[in-house]
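The letters A, B, C and D name the chains in turn, as written, and every chain counts its residues from 1.
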Amino acid sequence: MLKISLDKLDKLFEAISATKTLYIPTDREDGAAEYRKYESGMKLSSALNTVRSAKDFFFPQTENLVDFKMDGKNIEVIDVREESEDFVIFGVRACDARSFTILDKVFLAEPVDSYYKNRRDHGTVVAMACTRPAETCFCGTFGIDAAAPEGDAACYSDGESLFIEAHNEKGQQFIDSIASLLKDGDTSKLEEVRAKTREILKKLPLAKLTTDNFGGDKLNEYFNSDKWGELSESCLGCGTCTFVCPTCQCYDIKDFNTGHGIKRFRCWDSCMYSDFTKMAHGNPRLTQLERFRQRFMHKLVYFPANNNGEFGCVGCGRCLAKCPISMNIVKVMKALEVK
Amino acid sequence: MQEAMINKAKQLLADGVVDRVIGWKRGEFAYDITPAVFTSAEELDESFVYDDFTAANVSKYLVKESRKDGKVLAFLKPCDTYSFNQLVKEHRVVRENVYIVGIPGGPKLDAEKIKAKGITGILSVKNENYTLKIETVYGEESMPFYEAVLDKCASCKSKKHVIYDELMGEEGDVLDSNRFDMVEKLENMTAQERYDFWREQLSKCIRCNACRNVCPACTCEKCVFDNPDSGIENKAPADSFEENMFHIIRAFHVAGRCTDCGECSRVCPQNIPLHLLNRKFIKDINAFYGEYQAGEDAVSRAPLNEYKQNDCEANIVHERGVE
Amino acid sequence: MQVNENKEFQPLIVAFCCNWCSYAGADLAGTNRLNYPDNIKIIRVPCSCRVNPMFILRAFQRGADGVILCGCHPGDCHYTSGNYFTRRRMTLLFSMLDFLGIERDRTRVEWVSAAEGAKFAATMNEFTEAVKKLGPNRRLEDLRCRKQ
Amino acid sequence: MNNDTLIPYIGVVTDIRQDTPDVKTFRVVSPEGGKVFEHMPGQCAMLSIPGVGEAMFSITSSPTNREFMEFSIKKCGCLTTWLHAMDVGQQITIRGPYGNAFPVETELKGKDLLFIAGGIGLAPLRSVINYVRDNRSNYGDVQVIYGSRSKDDLVDYQEIIDEWMNDDGIEVNLTIDNPQEGWDGHVGFVPNYVKELDPSINKTVLICGPPIMIKFTLAGLKELGFKETQVYTTMELRMKCGVGKCGRCNIGNKYVCKDGPVFRFDQLGELPDEY
């Protein structure tokens, strides 16, 4: 496999950013990691994951859809779409790398979402294998191997060097663009590191969690479960879980009056919010119980029902770490599960 | 303490004094504790927990819980009693339906601070003489207790319970806290520095509304930010202006009512020091209109609901501090 | 009113004026032919107390470079005490804006009675000059509202 | 870049008809004249006034109408209030068509049809009724049972008495909730009226109206011997995108905007009761 010494990472980043916009996870002042546009001197974060997931790059929190100019009774529609620039997201973890295939199933299904596709076409995902998974990790539950991430290309570290391999043509192009910095390397130590990582993954507290008893065929059984009341009773109805989730993709479309025109934009929305399904004449999800149920039913039942059994969760553990009241998909799965 | 609380709760349930207990429920890990309602001794035995991670302020749940049938037992830490008292003042809780047992408070721990030390794979956390012994999948780790204390506890304002039906343990005192230090530090910066500081902080906001929804003072039936007719309803910070606006208005709506319980900062997934905005208002209110602690009593008028004829003029802002 | 001919920065200033005193004061300034800049856009409100913090922020969002709030002198409020509440509210709001690093000279409260046409004109002249010195509002503007 | 379904077309409102005190029917054409797009009966479109709001409305005109589309809209919320206040000539934005349609070319072909509607619920069915009238030879007997609060609340009353009632092979039964001066027709709620009329159980039923009406009518139909597989309805939930991506109009795993709005009751029966 091709490799580059870890102490030459700066050179690698410089080379990538010379031709394309590069985003890397980097440490913020408060200690949390965040994807930022690479600038000289920026260091790759050693944190396991960023607070915000990498979905931002393809499905940003807000984006302009279309502009309108209003003139008396007339309306002018202005298409504001522009071709995205080419960019590389470096250091995407296995869970986030998988999340893109889940988002693809929504946004690239007919009719294709051109806003998403535009960025997807221009973005190269360079994943990074995990070596230090945390207690909140349960990607294995969804068949993800943290030591062998997906993505257009993947990187692995053996502590000394960074090994890079391509998974598809886009990944190969990426490697070609930095070929001068890479040389062939021996992967025996890497294999040891990966084996060790896999051992740790097996020892994680959530390693035994399975999706065996979830899926599209359990729809009414779980929907009518009597556990929802207890599970949702302390839910604050905030959107933290939704907004840190790499696979949550619900959005709202809103208009903003700039004073000289209307901007129609879309933004992330959360099924946990009280107005999510509110209509002029009523709301089918009146209490937090229904909203809470919707989120987890979507991930564990509805999504697999519509997508050949694929679940709407990648086990990244962000909601486990960030929920203000520590209620999360793992607790829901354990409480709900009917064998 | 946990044992004593469970016993107290069981006894009050058995005596028919209360029908339900609101407390904290054990999670998957050492730190992921969820506020919960318990209705039986079995449930209490099974999962009731009170330890270094039970930081959540349960007083806001009482807005809903106290309107249900029967009486609910609430274990309130000193800071929680301020929030509850403020809710009593605002007629948001039905006082008769709540039986309050005051319990000693923190300092409580912040799992994020442990993780920020690079300690991951946490399996258990033990406090041994104010050194945390942390068992992880990567081996044993340790760190000083006080380095993992929640920000809100590090600047604790009071160990005193301002409202309770019964007290467990010793009553504490109002503390001479250092809670305005950071506000003061910011005040002494230049406007540009302050602007840069807040831009850095507020640009992290993902508008998850956790700060609003957890806040015991935010109990409007319909928030202005959820009301499409308000003209300022917005779900996402589409522009830096909206980031600023949301946080100014959020803090302003609780100005004079915020007890400084620190929940907003605790729950922020992006670690924005939101309590600084609330403390700025508290500090200003103290300076301009006299010392005032929201929630300290259930009768006094909130500073923004009253006035004095000789109040300072608004332009005082232009005449003090650093430009 | 003055006619601005040169290309120097011309701020947009929103003045919230209470119906009973300050708006009448502005009227008086007009009937007395006292000059005040055309940068000032007056919004009449029933009482200075009608102005909530959102009004101030929204003015900045929609392109104001400065916002001034004028009401009856303390003690003279048509509704007895409205302006006292305004005073507390705006003191805290302005202090918060200052805390966030928004230039403090962009905001002001002035008490102008119906008889103080001259004070109204003078205040507006002075405030406009102060805001002019600061330049365009960049720290509390909504980029979407900026005219291209 | 290809056109995106989220970018709307312009439509011009060329006629506004006051149907009932709170329902108006709007005629919409493209600025160049003609229809903005083609649709099938039962499909919906997103109408919007930028800055006011955007919402899903069923297309009430039949696809056999080659010149324009019509929308019967009840004044209910923010956008509909605005629409009710506008004048002829106003441009609106329109995108679609969204959703499935009543299976007029497949399952309904050759069948005897029974339409049951309550109030504004006639709007989506009107499209089908007129489609059937214009392709009369493809379908058997047609019966329409339509009820409203009062005579003034009967949507498309003029079209019903002028056209539908004069057609051969269409039986129209109207009812209103309470007796009213100038009304010599039936008085009573729709579910009871359906039972009174005792329609042949060979008919395929298309039903739309307030949820409570649908609930009781369906129970009544079952009593009469109708099977759930014979009954179709059309649903409405809050929608934003119209293409099953924004995630809010689902009932179970089905999105009303994409997999609906038309459902057969046996299909609905498999889904959770959350609508």
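Before moving on, here are some points about what is shown:
Everything that follows uses one rule, which is that a contact is a pair of C-beta atoms (placed from the backbone, for glycine too) under 8 Å apart; a residue touches a chain by one contact, two chains touch by 3 or more.
The shown structure was predicted, so the numbers you read here are calculated from the model rather than taken from an experiment.
Chain A has the C-alpha centroid lying closest to the overall centroid of all protein C-alpha atoms shown.
The chain pair A-B and the chain pair A-C differ in C-beta contact count, and the higher one is A-B. We define each chain's centre as the mean of its Cα atoms; on that basis chain A and chain B are separated by 30 Å.
Averaged Cα coordinates give chain B a centre that lies 51 Å from the centre of chain D. With centres taken as mean Cα positions, chain C sits 46 Å from chain A. Note: centroid distance chain B to chain C, computed from Cα atoms, is 37 Å. Within chain B, the positions touching two or more other chains are listed as 228, 238.
Chain contacts: chain A has residues 252, 256, 269 touching two or more partner chains. Shown for chain C are the residues that touch two or more other chains, namely 142, 144. Taken in their complex, chain C has these residues touching chain A: 62-63, 142, 144-145, 147. Contact residues of chain C toward chain B in the complex are 53-54, 57-58, 60-61, 74-75, 81, 84-85, 87-105, 107-109, 139-144.
By the touch criterion given at the top, residues 183, 186-187, 191-199, 224, 231-232, 238-242, 244-245, 248-249, 251-252, 255, 277, 280-281, 284-285, 288-289, 303-304, 307-309, 311-318, 321, 323 of chain B touch chain C in their complex.
Residue ranges of chain A in contact with chain D, taken from their complex: 65-66, 68, 70, 73-75, 77, 79, 81, 83, 106-107, 109, 111-115, 118, 216, 219-220, 223-224, 249-253, 255, 257, 262, 264, 266, 269, 271, 276-281, 284-285, 290, 294, 297-298, 301-303, 305-306. Only residues 1-10, 50-54, 76-78, 80, 87, 89-93, 236-238, 240-241, 243-250, 252-253, 270-272, 274-275 of chain D touch chain A when the two sit together in their complex.
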